[in-house]
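Given below, in the form of structure tokens, are the structures.
In what follows, chain A forms one complex with chain B and a second complex with chain C.
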Partner chain A sequence: MEAATVDAPLAPRRDHPSIWVQAPELARRSIMRTVRQPAAVIPATLFPLILLAINSVGLKSATSLPGFPTNSYITFSLAFAFIQAGVFAVIGTGQNLAEDNQGGFFNRLQLTPIHPAALVAGQLAGTLALGLFQAATYISVGLLAGAHIEAGLPGALVMIALAICICLAFGSIGLAIGMRVDAPEKVQSLFPLIFVFLFLSSMSLPRNLIQTDWFRTVATYNPVSYMVEGLRSLLITGWDPEALALGFGCALGILAIGLYFAATGLRERMART
Partner chain B sequence: MPSSNGTLKEENGIEAQGLVREFKGGVRAVDGIDLEVRPGEIYGFLGPNGAGKSTTVHMLTTLLPPTAGWARVAGHDVVKEGAAVRDSIGAALQEAALDPNLTARDHMRLQGALHGMPKDERKRRGDELIERVGLSDAADRKVGGYSGGMKRRLDLALALLHGPRVLFLDEPTTGLDIQSRTALWDEVARLSREGVTIFLTTQYLEEADQLADHLGIIDQGKIVAEGTPEALKAEVGRPTVEVVPTDHHERDRAVELLRPFGELVPGTPQGAAVRLESDGGEQLADIIRAFDQAGVKVANLELHEASLNDVFLTKTGRSLEGAQAEAEQEQETGEQPALEGAPA
Partner chain C sequence: MRRYLSVAGGLAWRLLHSLLTNPLLFLPPMLMPLFFFTAFAGGLSAVSNVPGFNYSPGYTSFIFAFVLCQSAAFGGVFSGFSIAADFQFGFGRRLLLATPHRSALILGYGIVAAIRAAITITVVSLVALVVGLNIGGSGLDVFGMYALAAIINVTGLLFAAGVALRFRSLQSTPLMQVPVFLFLFLAPVYVPRQLLGGWVHAVAPFNPFTHVMETVRDLIAGTGTEYLATLGIISGLLALTFVFAITGLRRAETAG
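Moving on, here comes the complex of A and B:
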């Protein structure tokens, strides 16, 4: 090690640091961590696009069903790409936190006068950044592939806002899970379960066209249906306040529940005295 | 001994009494230990894996509440004044807890912000510490590409960023090569000279011997010996001398030649060994003379000073290496519950 002059170690005691200083730095870390892991960003962005392409080709004939709301299946199915991005938000956010637990980084944070709310906000910042990138990508690719946004440019912006809310909602579930596990693999193992949950919604067909009773019932109670329909309304119908209110309401409701469980998990995890 | 009223006499030290940590199944990872670490000294906490070293560090750094007993660090109670303790301490725990996607400078920036350091101070002190631990050239590289030694050095620099008065180093050199280990020892010694109190856990005898001003030896959650390394070694016994004659048939003659110098002890199959009656220096010359006069040619002659392993052996009935292997085997077979971080 090289010699260098450093202040004497007996530093003056500082006031309790502000959450407004801590949260942006934790957010910066979370965003950099996301940006510097292309192996996490690329599949999370590409996989929904691949499914979108397959569905658009394979299920195109669904548009000829009586009552189908549009004759462009890509316009219909584009909304689901945003929801799939949410699945990756659960897994990504949960895995990041589990890695922090496993590698001891969480202990490092605990040894500082960290504000718990700053930790939660900071962790979600990377999710938000990724959600923004994904939303912009899906809208651009969708438009290039022939999708149409009935609500126009303002509608596209609202779609991005709703997509971010959805990512944060799913991200908060990831946080709640990540707080309670110590290995990223445990978060990863939830992937199939969450994916099934997403498919039991109105993602492939409008609810009124689902013929199987139990499926239609599950889809009606599944909040994912309302988030999909909120996005889809901007693409197909134009401005539908009810669909948007339900979409935003479900996303924000899940976010609130996720944050509550993340906060209780954090309280248990931060066992410091 | 710790002061009986539970108040630390000097504010940079560590004091604990009857400290206990019990985990699920009633297993006591730490079983009623007393500690007194004086300000500015390096206190070595030596023991095999699973002895309770890390659990003790977690309690002293406020990461784990004790089941019983009390501890004060830098004048603050670890249970009632956790925030004040954390303000006063720095810690590099067993795993170099770094984010592989961040650079050294990113880590410094984040750590400084979390400690509430002003922006310019964060930057200045961060740069100084990066230079001090020899990472200036790698400061803007992602930590994921660092060697184990570089990670440990960064971990140490991060622990020092906010100017702690007490530093906890939990097995800081485990897995490092000799060069990195020596560099870290130099830095620890320098910090001690600057007045930082250092609590260092280790499973390496040499590390404890070289660095520690005072030493606590822990086994199965209890401190089995405490004192300066010299005093502990002196306590367990005098040095031994082992002689291997050039002609193996002369081993019996070698035994007879050594007998007057002390108590015969088992040596290697080819040699004879004796525990000396005094400290060794004078008797060694007499032994050489005796062999020379008897015409017994010597292939090898070794003076073995009492080691910390001898201390461990005397106090626990097992060698430290044996205890280590035992602990590893228990972990592999799952006989011992995973203790660390699993509160009852």
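Moving on, here comes the complex of A and C:
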């Protein structure tokens, strides 16, 4: 009983690591995880290249249409490879997060003084690394295959910046989905639905050459069209501030929306456990 | 024989039940050909104005031939996914133990592949008719077109089964999808063969899907077609994939 009256020693003051310490740690984990998954990285990089190789010759005759902006279809279609990479970013990010949920990693993290922003930023780091690798690969392969960048080397750098924004935007959608599902297969099954947004855009022809009225209308309202056109402007037109502003604006807008839903999903998940 | 059919029917019923009770497994593969159809027929219709593009029924009908082949082939391939899943999680091994004639298992998965493809093709055909599919061919031509689709469906299933039974893991699904996807896209998908450029023009004649797609387009248009030649080519491919599936089954049996 005496012991009960003895003052407990003061608990040592715990210094929580700041977000700037937490985020890089989680980012490192996310990047290493991406690097260690060649089965995810290789198809995500190769599949758009295969479609590029096929479409660039399969649709080459489309360049003879009056009003087509270039005589090189590979230059025209190169932009689409970047957007396809974005779809793989949705699946990759969402699936990784769903695996974390399924494996209990998330629950264990919640026992630590982790900052929610560090968690979200860390998860997107792998997407960013993959996006950078894919952008460099597509530009290199495109140039080797005969594409040209009208805006030159600075244009290529802006393309990489826009491609990364697009990957992060799509990755944030994956993050928002991954926060809400507990099985990676459920993220996989969303693949065709996300593909719809790609198909119903100006991916294969410029909007002014799309003859079907409803399709042109849908493509006009589809933000994917503006991201494709932003990238394409650097390849074909040179420097087009309006196309670039719309491209960056749509990518950053989707990123903001995706992060908002990811944050609310994270809050719900925290509340549940 | 009765027992053989009973095994195939029982397996097919189980797979159909799990597909119908889980829309997330059934709907996305069915929607995929519709998306392709919408995107290509809607977004690329201007391609029909390219000099040298002479297909009288129109671009929607031209693209329908591709989507028909895709629906049929992937109806088979997706059943290969079910085989891989069943073997990965141990159900396939129990099926091997319980079945005296194991080729009945392939028949069971084949029944599901056929039903799956039939549903997808019906939906795609109805949508195509609504948005402007023009059929100039006779009833016999239309029957011939769907008969070709049925053979492609079986070929797709046997190929996927061969892969699934060799690897017995869901990790092998890209090995089922990607080759079929490549074969489909290395055919004249967007424009007739004479308008294809570069290396695709060089490889297209050696691709069985080129001949199937061109024959389906001729059947839709009601123009003369080399139907028997195409039937011969696709039957040869069917025979090859049959051997591939049966040897795959033997490997699965040996692995136990």
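Convention: the second predicted complex is superposed on the first by the 258 of 273 C-alpha atoms of A that agree within 3 Å, B and C clash if a C-alpha of one lies under 4 Å from a C-alpha of the other, contacts with A are read in each partner's own complex, and residues count from 1 in each chain.
We adopt the following convention: contacts are C-beta pairs under 8 Å (C-beta built on N, C-alpha and C of every residue); 3 or more make two chains touch, one makes a residue touch a chain.
Quick caveat: nothing in here was measured; it's all calculated off a predicted structure.
When the two structures are aligned on the shared chain, A:Thr212 is found in touch with chain C, with no touch to chain B.
Contact with chain B, but none with chain C, is seen for A:His16 once the two complexes are overlaid on the shared chain. Of the two partner chains placed by superposition, only chain B is touched by A:Gln37; chain C is not. Against chain A, the residues of chain B that register as touching in their complex are 61-65, 78-80, 82-83, 85-87, 89, 91, 93-99, 101-102, 106, 109-111, 113-117, 125, 128-129, 131-134, 136, 142, 153, 158, 160, 162-165, 183-184, 186-187, 191, 194-196, 343. Only residues 24-25, 28-29, 31-32, 35-36, 38-47, 49-53, 171, 174, 182, 185-186, 188-191, 195-201 of chain C touch chain A when the two sit together in their complex.
Those residues of chain A whose C-beta lies close enough to touch chain B in the complex are 1-18, 21-22, 25-26, 28-29, 32-33, 36-37, 100, 103-114, 271-273. Considering their complex, residues 39, 43, 50-51, 54-62, 64-65, 186, 189-193, 195-196, 199-200, 202-205, 209-212, 214-215, 219 of chain A touch chain C.
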